[in-house]
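Given below, in the form of structure tokens, are the structures.
What follows is chain A paired twice: with chain B in the first complex and chain C in the second.
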Partner chain A sequence: MIFSVKFPSADYFADLMKAVTAVVEEGTFVVDQEGMKLTAMDPAHISLVNFELTKAAAEEYSCEKQVELTININELHKLIRKAKKNEIITLEYDDEKKRLSVTLTNPAASTERRFTLNTLETVTGKTPVPNLSFEAKARVSAEAFRVAIEDAATVSDYAKLTIAPDAVIISSKGEMGSHSTKLAPGGTAVFEIEAQHEVSASFSLNYLEKIIKAGKTVAEESVIELSSNRPVKLSFPVPSGKLEYLIAPRIE
Partner chain B sequence: MFKAVLMPGANELEKIAAEIVTCVKCPLHKNRANAVPGEGNPRAEVMLIGEAPGAEEDKQGRPFVGAAGRLLNEALEKAGFSREEVFITNIVKCRPPRNRVPTEDERRACLPYLHRQLEVIKPKIICLLGRTPLETLIGPYSISKMRGRTIEKDGWLFFLTYHPAAAIYNPSLKEQFLKDIQKLRELIHRDERRRGSSLDEFL
Partner chain C sequence: MLMRLAMRQLRLYSEQPREKRREKVECNVCGGIPRFCSINLCPFFRKLLNVERLREKISRSSIYGPSPPSILVGSYGYPRVRIGALVAVDREEEVKEADNPRVWITRDMESLLAMRLSLLYGREVKPVSAARAGDKMAENMQELAMSSKPVYTELESDKRPLLRAGFLARTAPFGPVANVLQLKLTENPAVPRKIDQIAGDYDLRAADAVVELYRSGFTENEITRLMSAGVLGSKIERRLVPTEWSITAVDDILGKVLRNEVKRYPEMVRYQLHQAKALYNRVTVALIPGPWMFEVLEFWIREDRVKGPYIDAEIPMKKEIYPENVGGAYHALRLPVLEYLRGVKRQAAVITVIEIFPGWIPLGVWRFRELARRALQQEPKVFNDLEQLVKNLVDSTGRYVEKALRRSSVLSFLRKQSTLKI
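Now for the complex of A and B:
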């Protein structure tokens, strides 16, 4: 075995994989002595996901050498999506058979479910990541953000995100009407805002909706980093890991 | 040969086609009735690339007009594409004797025409039909392992599926082929570059 890793919460790992599929169907994980990472863009290069789980997230972790593992993450998620809260997940990779073995163990019930998944040929190289700096940052409730994005989608296929020194505003405008949600600090929706002045940019709701929905299942808060008419960075805090997305702006 | 002659790019494609029909760069020209440069929309978002013309294509000078072409038309139609909105061509533009796989030398001689067609059309996605275009444009991979995947290479986005000729008499391959072409349609729908920017602009 090149690597063997055991995570204590199989259903949380399944949610993380689902979150990655908000951007890509397949991707290349780089697994080394420190943890597992994946950076990938969707085929249209509108969105990017940057995912990482360090070995600190694992109950047991061993990796002989760095390996690149290209897998169909949709298929992996299909195998593990029915994982239960009290199940442990073990991932093992056999370099000779080019196969990932996934075991779901329920210690209380003494049951063990085992799946294998064939890996794919790694064809494309490293995903380039835009080097961005942001003018404004807000830490918001993932649920409040999700509801605002869902509301925006009722009138349009794109939404404008605005971070002002005193509020986060999600607005949209369609042929038939418009929408605006203001999230202000002091309540349960906004935890922190860092902005010297107001910045805003518009994004496809197709991408925003998928990403917020996926991120909300793994984290209670979302960090929005924004500059005017530049990509937005959305981060969802993951224990001993990282789940970040970039979405390219829609230029009016 | 190209129906939409007034569209941008049509003239350039006609020039390339004119060179192809008189091409003698490899031995395949000796036995051809007609060269088959390709046909379709000069501004196509999707370009489909097969292996080589067969007997019917050689006779008519048009790509995918035989039995495999009928299955391709069926798949395109079911996925909501019209044949007129895509561009269809092959790796080599002349029929190899007894429909054998074109040799490396034949492919190498013919590839500049394909590259020029790609530069004129600039498709958003290039659908490779079968092993020969996969080997020629991506690398020595198995099509059965690679089908259904999108691969980025040399600045192009490729989508991989079986050659329709392989799927005609194999119901499970046919089902996968039809699904793949449906997925190709979804990939085009998902591509919103025309309405916004892409992350590439910020690299």
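Now for the complex of A and C:
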């Protein structure tokens, strides 16, 4: 066994995997003594997911040496999506058989469900994370953000995100009409804004929708980092981990 | 539960109510309403066909002739639908070609229509479950559908067949109709071993059977016939499937399999423009370097105006929905484009413009499939950048395309969406 990891909450882990599949169907996990990581871009190179779960998140964690395993995350999610709240998940990797084994244990009911998943050949090289700096940052309620994105999607295929010193604005314009949602601090929608001046960029709603829906299931808060006409970074705070996305803008 | 699932999957390909509109033929005699279209009255058909001879041939209640083979399952009244076989009552020498769209594109409209309208549709209303209920007529029809060669068939009717023309949105037209009491094959059908094996395999899912037949070299038309006859799939999937639905189901199933493969190939390097025209239809395919995307812009050109564009597209990350504006033509076009891309081992962003000119009579979606195939077989015009290609696309199609391209989501994606590539 190269590594063996036990996470206390199987359903939360399933949600995290679901969140990763918002961008990619398959991806390469890098597992080492510190934790597990995955960075991947969608096939069109428009969005990127940067996922990490450190060993602090695990109940038990052992890893002999760094290993890369490419798996179909959709398939993995299919196996574990029916995980119950009180189930524990154990991931083990057998380097010889190239197989990931997934065990769901329910200590109260004394049941154990075991799945194995074949790994795939690693095709793509490492995905480099673009080095970006951002001009503005806002911490918002993931739910309020999701509603705004969904509203925008009713009129158009893309939306403009704006962070002003006093508000976060999501707006869209289509053939038939337009939409705009203003989220201001002081209420339950916006927790914090850091912006010297107004910054905005446009993004495909297909991507925004998928990512915000995925992020919303694992976190209540979303951090938006933005520069004018540059990629946006959306992060969802995960205890002892990281779930970040980048989306390339539409240049109008 | 399983049954309901299978039903729902098939209904995805049904004609109504998902397709929002149906183009009418502008005809002064019948007004383009198929119900009022009669071979007997139509001056156009009278010129085309030897109506008197055809009438003579169907003057009896018993009909005998070769079937290409061809079967037709209607969708009206589903799950109780009209089912039956098409039998040539005239032009028997052409019967081999009468149900093979791959060769139709080289013919002219008149000879094509004359050939199809010489096919008599002997039909009866049956529940779709007749496919596995030991129904004699359904069984004979299934045997017929499995044949690779024409089969002489005898139809017994309770009265004389009606002289008329049948037009449907996706399928090719047919001629006289008769309610039949009995359908009998008077010779043994020639069933290829592969078809026999797959039809006998009740563990193979219908979608997998479709793919396996395609990989064994059967044409989408043959596969469609087998699917309609209800001889593919697990026991629960074996039902008669309206021909119009199975045409699109087969195009879609095969397209999805090819698409998974094509999406793994590197992006195209050149900008290519392919075009083909026949039978008052023109198909223009633009292949553009980029991730896999596909869009169809459909125009109906009338004497006095242009209807359209009807647009449907698939672009990255967008949820896949039924192409309700373009309908079955969308899947019929996507298949040959994917076949081409698989052949050159590239993925591409694809914009397809289809134009239907005055003079066209609805003969089915096969024309788009075959025109796209022909276009892609020919040497393309090659360009170095997107704007050059777009300019040429506009120049080689009607003027209305220029304005319509503003609504193209593939073009907007290519022009405006940046990437994270470093």
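By our rule, the second predicted complex is superposed on the first by the 252 of 252 C-alpha atoms of A that agree within 3 Å, B and C clash if a C-alpha of one lies under 4 Å from a C-alpha of the other, contacts with A are read in each partner's own complex, and residues count from 1 in each chain.
Here, a residue touches a chain if its C-beta (ideal position, glycine included) is under 8 Å from a C-beta of that chain, and two chains touch if they have at least 3 such contacts.
Because the structure is predicted, anything quoted here is derived from the model rather than measured.
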Partners on chain A (chain B, chain C) - clash or fit: clash
Which superposed partner A:Glu121 touches (first chain B, second chain C, both, neither): first
Partner chain in contact with A:Leu246 - chain B first, chain C second, else both or neither: both
First, second, both or neither for A:Lys210, with chain B first and chain C second: second
Partner chain(s) touched by A:His45 [first = chain B, second = chain C, both, neither]: both
Partner chain(s) touched by A:Glu26 [first = chain B, second = chain C, both, neither]: first
Which of chain B and chain C A:Pro130 touches, first, second, both or neither: both
20-28, 38-46, 56-64 or 92-100: stretch of chain B that collides with chain C: 38-46
On chain A, positions contacted by chain B and by chain C: 41-48, 128, 130, 204, 206, 231, 246, 248-251
Residue numbers on chain B that touch chain A, as the complex places them: 125, 138-139, 141, 145-146, 149-153, 157, 187, 190-193, 195-203
Contact set on chain A toward chain B in their complex: 26, 41-48, 120-121, 123-124, 128-132, 204, 206, 230-231, 246, 248-251
Chain A-facing residues of chain C, complex: 263, 290-292, 315-319, 407, 409, 412-413, 416-422
Residues of chain A touching chain C in the complex: 41-48, 128, 130, 157, 175, 204, 206-207, 210, 231, 246, 248-252
